[in-house]
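Please find the structures below.
Here chain A shows up in two complexes: once beside chain B, once beside chain C.
Moving on, here comes the complex of A and B:
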């Protein structure tokens, strides 16, 4: 078997692998480990300089409750949730429709439209900033959860449509053809034949969009102002100012922001990776 | 309104409205406008099928026109007007930008980012993909390398503040330096090098992406080619660089360009770590300086970013087109 499993290589190679890789991985994770450790330390440890050693006491619950009590963290988390989940649902369902149309119907505008989607996918979002902000202010959507949802849905739908179109294009076309010959209506073909087949794509997209939107900081900064609609990414920066020099609280707050996408990643790792691979290589 | 309620209402209107629109519009098309009966039945069916794709596409097209096409055009037009937006000044914003030394610093730094980050992330991703592929616990190692990808850039920035903090009691790097008896330094204030320290963050995040895609590509390399090379006496380095890598060049280019495009629009890291001070400004964070002060200049920077990105975008569209044929 090529490549050979490492167990069959020479002892020297084996040793260097076994030593070097874990060390490299440890260094890779060191920033994460440091922040996890800091977030469960009592404040006294940090003041006395015990930042890298074993914590003198585990105060995980105390620190995390302190974050919730002393700040708006809970509001931020709720906002993030209510921005991310509707966006995920709206853009994936719209993309199913549009992807279906682009993949299944043969019409002259299909190809140019497809290329507009490809290009739109790579448009730097900076160029959208000023008009989108003005538009949101004019329509009263500035500084609201709905405004962020609408914008994110629109922006992510481009990517999702591209992804769906490629996925549906790869399905056997005979299935749809034979359903048509049987006289099944177009909507029922979409609903009963195509949708069940694209479930893996829907799962992959849902995970990707969840992480993209949850982790967005740019639009959170541009389109929100107050506490009432700020998501956790922008909130964490505010907390960073509020908890100055309370490093144990800053790190707990930062970890809170990272927990949902990281949890999502570990639970749905297969879909996440499938999504990235499909999205990049097509 | 309460955010939970807002969210629920948006889901309901968004999805329910979409489905209803879709069902009803198809119904009207098939039963009312071009009914599949009567004297013109075949003509009616053909016409209905010509209209149908547009029914599927309409919601997406409306959303994208409103939030993508209109803003791109709007930004370009806005960049030709002055600060308050009431006087047309042509390319005035652009010429004053190019004349400012801050802009040139940001531009130079951005070029540095676009060269260093994709190169190092792709290289590291490739090497790690190859090394962990031969390992029994390779998948665990991959998950670990990949995990930063799930964290937001702001989150990553806060995490790395612990690494770079000037206080040796907090900062990892300074803790190591002082334990060797050296002076603690604020690494984010060392001219030029601080840019590279910021890039480390993005490399930390993007290597996982490169690794995942490239490891899938490496698995697709036909085994016979590797086998033949080994029988001919190639050493592992030769197998890797002369047999495996040449066969996945197309994927490497895709990964490289994807990371390049991503790198050109990242602003979170610089914004959160240094705020663009100490000579670390890049164009996207430079633009944020003008956000609420001078929309004319802000949009001019945005248009310039767009122009810089466009060759990469065009090459990607070309690539997609080639694959279609």
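Moving on, here comes the complex of A and C:
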């Protein structure tokens, strides 16, 4: 293990390490803590320069209620949910199928196709912006939740396929081979042999896609206009314009936007990190 | 008679499918993903490049201008500012890699409660960049932001970071580094978990310690983690849109613009709907990214060849 385990160091070093740890964490999360504190302060505190100190009054309930009453926050949150969850389901399903095909079958197009999925996943959004927006306008999907779901599903399929293909490739091929010898059909092999084995990958992808899509801002600005289909990220920006210098309300709204992915992360931490660090070890 | 012929064709179809089962099946599995991906990702890339040869407002007739948009780019100061800022982003964002490694080394211990510490350090990556951008906008506010308070504490007049043409890009990059360091950290923590204990032990017996051990024994083993960290950081740097849209909208006077945001601005906001010109900017950005994509694919190809 590197660096040397701290238990082997002198008691003084150990103690200072243990004392420094919370201090470091405090500094690291200072921006976050500041915004949490701000979201429960009365406006007067911020105007009088009391940003770090103890709030003169706890107005958590008032501030959060104000966000919901004075803005469309609830609609935004609902939209985010209806964009994120279907995207998660579609892109992971498509990737299971595609990843299986690319990992198991040996055909000449397999590797080039796989590389196209990988490359597409790294492309800058701007090169897609004009045609995708145009397509959405023409098909009546502009400014709808469905339009965002379809685009996100397609785009995330690239990453999911990369992930799934590598995951399935690492499974023991004998399993599939012996199922074939037993005369099990290809679709049944996929359904009964492979799918149960890729459950961890499905879980990892589901949390990652949830976070990526929930946090998307670019496509939310490009493909929506009105309040009816805006997700919370674009909504928070609109709120920022509406609550100019009402930092306590902006903070509260931002935290609302952050809660679902953070909750997802803490609930599914193991899968989340496994997904994110795929490829970081050989 | 009719019955017989349908049975015959059905059985023929069946045998054809049976004969070509292994060739056809993968395409059935791939079809939905390919369809989605082609419509929304592959085709738009080529359409964008095509549109970049036109002057088009998104609604009316598009007018062919050939390389006109690209020639215009060569003379566009805002384009150069954006390009230079993109270089700054690329260079300074790379700090996330060593910084992530440093944090990972600091946290790679087994003190009680370490798991919670690790997830709390990772936390900034999970929240939306919109939120990170808002937090830092407020942080940098000279009147009631944290920076203002710190500067006043030392008796200095606080700088208006986001309103200063020379500082603004660095202010935004600094904010962007916060989640990016967290990302690199988690990659390295996983990497460190898999560093071979034997080699460390062998290094120790040979008298390697501290920096030498890190440089000659540990970092070489972290190569896969470093590779991924560099890749995601480059992509992150070139995709920097959210933070700029939230914090400055490219201002003041376009001084914090990057290609990603400038493209959006030209095609979809106050500068009129210049889809062709925007697409030309996007194409330039795409070509820059293509260098990295090719390198990444080349590395993957080498792995595939070596792998099986």
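Note that the second predicted complex is superposed on the first by the 260 of 282 C-alpha atoms of A that agree within 3 Å, B and C clash if a C-alpha of one lies under 4 Å from a C-alpha of the other, contacts with A are read in each partner's own complex, and residues count from 1 in each chain.
Criterion: a residue touches a chain if its C-beta (ideal position, glycine included) is under 8 Å from a C-beta of that chain, and two chains touch if they have at least 3 such contacts.
Bear in mind the structure is a predicted one, so any value in this text is a computation, not a measurement.
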item	value
Chain A as common anchor, with chain B and chain C clashing or fitting	clash
Touching partner for A:112 - first (chain B), second (chain C), both, neither	neither
Partner chain(s) touched by A:155 [first = chain B, second = chain C, both, neither]	both
Touched partner set for A:11, first chain B, second chain C, both or neither	neither
First (chain B), second (chain C), both or neither touched by A:86	first
Partner chain(s) touched by A:145 [first = chain B, second = chain C, both, neither]	first
Set intersection of chain A contacts, chain C complex versus chain B complex	2-3, 5-7, 17, 21, 25, 28-32, 34-35, 38, 46, 49, 51-52, 94-95, 97-98, 100-102, 105, 107, 110-111, 113, 115, 118-120, 122-132, 134-135, 150-151, 153-155, 157-158, 161, 186-187, 211, 214-215, 217-218, 221-222, 233, 236-237, 240, 247, 250-251, 254, 257-258, 261-262, 264-266, 269, 273, 276-277, 280-282
Residues on chain C engaged by chain A in the complex (per definition of touch)	21-23, 25-27, 29-30, 32-34, 36-37, 39-45, 47-49, 51, 58, 105-106, 108-111, 117, 119-124, 126-132, 134-136, 138-139, 144-146, 149, 178, 183, 186-188, 190-195, 197, 200, 213-214, 217-218, 224-225, 228-229, 235, 238-239, 241-242, 245-246, 259-260, 263-264, 267-268, 275, 278-279, 281-283, 285-286, 289, 292-293, 296-297, 300-301, 304
Chain B-facing residues of chain A, complex	2-7, 9, 17, 21, 25, 28-32, 34-35, 38, 46, 49, 51-52, 75, 78-79, 81-83, 85-86, 89-90, 93-95, 97-98, 100-102, 105, 107, 110-111, 113, 115, 118-120, 122-132, 134-135, 144-146, 149-151, 153-155, 157-158, 161, 185-187, 211, 214-218, 221-222, 228-229, 233-234, 236-237, 240, 247, 250-251, 254, 257-258, 261-262, 264-266, 269, 272-273, 276-277, 280-282
Touching residues on chain B, where the partner in the complex is chain A	1, 3-4, 6-11, 14-15, 18-19, 22-23, 26, 30, 49-50, 52-57, 59-60, 63-64, 66-68, 70-72, 74-75, 78, 131-136, 141, 143-155, 158-160, 162-163, 169-170, 172, 175, 204, 209, 212-213, 216-217, 223, 226-227, 230, 251, 254-255, 258, 261, 264-265, 267-268, 272, 284, 287-288, 291, 295, 298-299, 301-303, 305-306, 309, 312-313, 316-317, 320-321, 323-324
In the complex with chain C, residue positions of chain A that touch it	1-3, 5-7, 17-18, 21, 24-25, 28-32, 34-35, 38, 46-47, 49, 51-52, 94-95, 97-98, 100-102, 104-105, 107, 110-111, 113, 115-120, 122-135, 150-151, 153-155, 157-158, 161, 186-187, 190, 211, 214-215, 217-218, 221-222, 233, 236-237, 240, 247, 250-251, 254-255, 257-258, 261-262, 264-266, 269, 273, 276-277, 279-282
